[in-house]
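Down below are the structures I want you to see.
Both complexes below contain chain A, partnered by chain B and then by chain C.
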Partner chain A sequence: MRKILCILMVGILFLLTGCSGNTGNQGKKNGPVTITIWHDKEDAVIAVLQDAVKALEPDIMVAFEKKTGMTESLKLVGNDKNAAPDMYFFAHDKIGVYAEMGILTPITELLGENALAGYVPLTVKGATYKGRLYQVPLYFETLLFMYNKKYIAEKDVPATTEQLYAYMQRKTKYGHYGFVEQHSTPYYAAGWIHGFGGSLINDEGAPCLDSAEAKAALAYHKKFVDYMPGETEYATVNTLFTEGMAHATIAGPWFVPTVRAAGINVGIAPMPIVDETGLPLAPYSGIQGLHVLKVQAAQKRDAIVKVLETLMQPEVSVKLAKVSGCAPAVESCYTLEEVTADPLIMAMKQTAETAIPMPNIPEMDVMWTVAGNLLVNVNMSGQDIEPASAEAQKKALELIEAMK
Partner chain B sequence: MKKLVALLICLMMLPILPAMAEEAEMLVVYAKVPADWTWPCVWAWSSDGTNAFAAWPGDQMEPDPANEGWYYIYLPAGMESVIINANDGGIQTDEVKIDKQSAWITVAEDKTAAVSFEAQTTGEVPAYTERYTVYAQVDASWENPGVWAWQHPSGKNAFAPWPGRTMKANANGWYSAKVPAWCNCVIINANGGAVQTADLKDLDPADLWITVAADGAVEVTYDDPTAPKAADITVYAKVPADWANPCLWAWEHPSGTNAFAGWPGEALTAGEDGWYAITVPGWINSVIINANEGSVQTTDLRVDAGKNLYVNVVSAEEATVAYEKPAE
Partner chain C sequence: MKQPKEKQTGKKTAIAYLVSVPSLILIFLIVVFPILYTGYISLTNMNTYHWFSFDIIGFRNYERALLVFDSGFLSALLMTVVWTAVNMALQLLIAFLISNLLNVKHLPLRNVYKTILMFPWAMPGYVSILLWKTGMFNSQFGLLTQWMEDLSGLTIRWLQNDVSAFICCTVVNLWLALPFMIMIMDGGLKSIDRSYYESATLDGAGPIRQAISITLPCLKPIIGPSVMITLFTTFKQFDVIYLMTQQVGSQTGAHIHTIITYAYENAFITNNYGYSSAISIMIFVLLILFAQVMNRKKKGANT
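Moving on, here comes the complex of A and B:
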């Protein structure tokens, strides 16, 4: 009898609360509404958001839940109203996958067609998939050109790739490097391909590894690779810079605290211009923001809109930028002295004018590996660019086809 | 009368103050030592246990060209005590309290130290200059090597007149001298300047090791060649059955120096016990096992340098590293 009672009680509890994930009330007309937001961010970032939404209490309570393996969890439960969160806070690059799965609500359905008026164009582009907006951007990051002021005076920072090459030829000696980067990692090498007007993949999801632009970039980039260490994994490149063995590098803003802690007097400079094209090296950018799950949007529309509107305030964006080391998504923030006085943020804003948001289309998932192999084959194994590019293009097409 | 004395003291300090004010985060310690105290150094610390330098005997003092017999050094603000030492730390004073102030210390023959907080030297304290160390290992025919350093293109010299600063002989056979960070060119010379290397130009302001042959030919590196080097090691690997012709890719982190010229590295040799093996330089500390012409591979595996390795590859995602042969 006790066992039956226990089973009944567990069953009732299950029905009342939902099995996991979203423990907030679903359709209550009165009383507090709980909005659950999944994220993968550090505590300081979430503290800013939590502080901002306090103003909505007690009518709306916002619960931030840090999730490991969040992107996979969303694939599994994104359509389950008992388990899915109301929103998630993450980079924009999974938008295409989730939109195709039908688990995201376009934010224009909640905030109107002009939802992102006044946002940095780069962030709007990143939030857009197939012409619809799926993210409220909060801040963004771009790779930056960093240099050690001990070795390079501000006036001597290479402004063009040929100046950079000449500098590398002159200063790469005796165990020091003029410039190092993760030359065979697609996230970094993409900047060079973009600087030649190419891309890893186009907006329609077709790979572009054998395009004339990509091949020209690979050939041009190779001469720089010859003045870098053979192995340029993340830790190696970063350590070379923090130990003063490399004069300059390209890295994300997240690297700056480590560099400063190592006692390096670091300078930030604009990306060099490719002499052959007149275009700057244009790195990928990540846009961090809020996405709304379709399965929850209808029932909690009003509360979700209030939370979004609260977190879209420029002052929240500024606070987030400061704790994350990234740049605000809202244009008006760049008129505030606390933002304009921060050279790191302003460098990202400047880079944002030419940076490319990481593709948010599902096909991009296969490109990281294929493009990585191509870069290794060309830069480290010495393969000829023509056959290596053709082979990589073929492989990418096969994998994308298999994905469909 | 007291006011007049105070005013006079202030006026006397005026030439010194500007240079010191620029270095608000630092203080300066001067020392005058007995004639047989060579290459005087300072060891400094504060009462919270913070040391100014990583290891005894601390940092070498610079002679003040305007004050014969006096040496100086800049220390981080907050240093409360120093020891003046010389002869590679073989002779030293007792603790001298400086209480976070610039100080002038006179060391007597009996190693006692008298400290003054009023300037005992004339003229301005030389401005703080970052320095790097030039090390040289010279042919036996090169006696009393020295370093000549200058800035290109201004032509400004660090140590006039020629042949410049005499280098200190160290116990490991290398000579050393500190050079201002604004110098980007050096020459190593010897025999009173009668022999010399060619100009070494466009240098970084970083510690530098120069090996000099009898004819003046040089090998130069920013990597300390006196650091211990590891002997060759053997890397053993077991791989899944469908991993054909396994290879090793190996490198040293953080320099990024590869053990092999190109990917996928060198093939391992199959052993009778099921372990593939290859001998590589002991300085590698990162490896990848790959196979099928590099099309399958492990992740980067960070390992201890100088130790034989046993890498058991279960799959591309799973591999274990041991430094002793695992039990079968």
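Moving on, here comes the complex of A and C:
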């Protein structure tokens, strides 16, 4: 009996000590330095990065670790030098949260004040929080206006929203839709609000859901929603397009391979211009890049700088753009023929002139839910815009207050 | 030399506790510690702006949390009670009927039916819920929608209206929860002595009388703990209602909230862990009170 008890106790102690083990992530004083980068990307993208940093071996070994639930993991271990990665590769929209938590290092402290000179302005804006740069952008994505060439000839692509509306009225019948989008999802509907000069939230973190521009956009957008399916979700909208039942859609570049695999002859066109304002639909943009954890920056500064400088080379950006289907963050890439020859990348570059980076302020975290509820209330539950907007604005203010 | 009886009993008790130590430690780590830690965090200002340098701020989070317990929370609480009552009643009734059918004498392919009935249990809940949402209720591709279109020519948006969304969520919850209840009831039915039924048959009792006078009283103590577990699981249900109607990016227009989905939408998305913890503790207290009421009722029914 005593023997069994002893074994049990030793087992538990072993488990407990095992739970607190570190990742073996710390730099060694002698020998190679290991740089760990957490990411959530597909293998092809990481293979490009891995290939690029091979040149730094054997002095610097870079380990890419795919993490599910990375944003939550960073909150938990972001300042633990035994568990935190050295960098993470993710979209820019969490920069504000992590900067406020104090786990990020401004990249200018590592690469100098002109670190992002020569980058696409949109990407620099996305990487900036409270006047400081926290990300090395690698590539960016914007939503695109896609159409099925079987139904719409290039010369007939709606150039304005009223032309699009007229097309929807004509073609939405017998199970077909002239145009579909995730109409009640803030990431997609924001383009319409921006097209009216409004926004979901301003740079100071104040919600703008009851602004005149936002309300005008909601009212105008609603007439388009009436010609779209009841569902607003990704799967339904995209399946309608890949099945050839929707003639046009707004979707991200990640959708193009699926569309092509489905045998759709897809065309990419500029975003329609809102007739009332003369502004194009201006979607949100996501900037994917590297962020450096403060807790590791001090002890591995030189190695981190070398890795960043290697991955900032324009040729890496071009390779990344090709495998990810996104647009390079470095402006000089757009002089290269292999980039200019790609209509998808050039369409994104064109949209980037008017696209707006997703807000990277912490307050945006609550806006996705509140703005989503507002869109659903107006588009799907038939609530009046005026009271629905006022209620959403009140709720957003309450939740932002509750954040502090 | 023989040890005194008291000393022997004391030694046995000590050994019993000693043997239980590993599981007690595990229970402490997995169950008790998170509750205590949540209680501690609820007394701090841990949020995005004070993530690693938070301070104790007393009961201020609780004062603010009371604001969440507004009219919206009360209607969510009422909805939770209705949701729990409807689901429990249907679960017990359907599981009772199915498990009785499974115990019909000389039923062919009994094990095949049992395996099929256990199937929803083997699937991850998340997958089941999304399959139901897309495969059955979707207004473009859902099987139910297409049947209705063929029968009546109408396109029904099952999840857009509060009442129909509630019914759809109940159906999915039953799909997920029934296997457990059927399994427990099936086991319970098997443990009832067959001689009771033989005597009842000799006394002229029919199947319904036998079910009321023998099956139900014998099943009650066996399924009691399972009913309690299911009751709490249903009461604090989140994933069925959230994934079916409220998931960001695929909301449907229905506004059915249980206390957990309401708390999630009004506190947990704020990244204010102090505030969210205070609300979690208050919901925890509510559940404890609910358990106490249920236990008292159970004791009352037993005496």
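Definition applied: the second predicted complex is superposed on the first by the 374 of 404 C-alpha atoms of A that agree within 3 Å, B and C clash if a C-alpha of one lies under 4 Å from a C-alpha of the other, contacts with A are read in each partner's own complex, and residues count from 1 in each chain.
As a working rule, a residue touches a chain if its C-beta (ideal position, glycine included) is under 8 Å from a C-beta of that chain, and two chains touch if they have at least 3 such contacts.
These numbers come from a predicted model, not from an experiment.
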item: Superposition on chain A - do chain B and chain C clash or fit; value: clash
item: First, second, both or neither for A:151, with chain B first and chain C second; value: first
item: Partner chain(s) touched by A:176 [first = chain B, second = chain C, both, neither]; value: first
item: Touched partner set for A:372, first chain B, second chain C, both or neither; value: second
item: Contacts of A:97 with chain B and chain C, given as first, second, both or neither; value: second
item: First, second, both or neither for A:362, with chain B first and chain C second; value: second
item: Which superposed partner A:197 touches (first chain B, second chain C, both, neither); value: neither
item: Partner chain in contact with A:244 - chain B first, chain C second, else both or neither; value: first
item: Partner with the higher number of touched chain A residues, chain C or chain B; value: C
item: Location of chain B clashes with chain C - one stretch out of 116-124, 134-142, 152-160 or 296-304; value: 296-304
item: Footprint overlap on chain A, where chain B in one structure and chain C in the other make contact; value: 229-233, 235-236, 239-240, 376, 380-381
item: In the complex with chain B, residue positions of chain A that touch it; value: 150-151, 170-171, 173-176, 180, 228-233, 235-240, 243-245, 247, 376-377, 380-382
item: Residue ranges of chain C in contact with chain A within the complex; value: 15, 18-19, 21-22, 25-26, 47-49, 51-52, 64, 134, 138-141, 155, 157, 160, 248-253, 255, 265-267, 269-272, 275
item: Interfacial residue positions of chain B with respect to chain A in the complex; value: 181, 202, 204-206, 208, 220-223, 251, 253-258, 262-264, 286, 294, 300
item: Chain A to chain C touching residues, read off their complex; value: 1, 5, 8-9, 11-12, 75, 79, 97, 100-103, 182, 184-185, 187, 229-236, 239-240, 362, 365-366, 368-369, 372-373, 376, 380-381, 399, 402-404
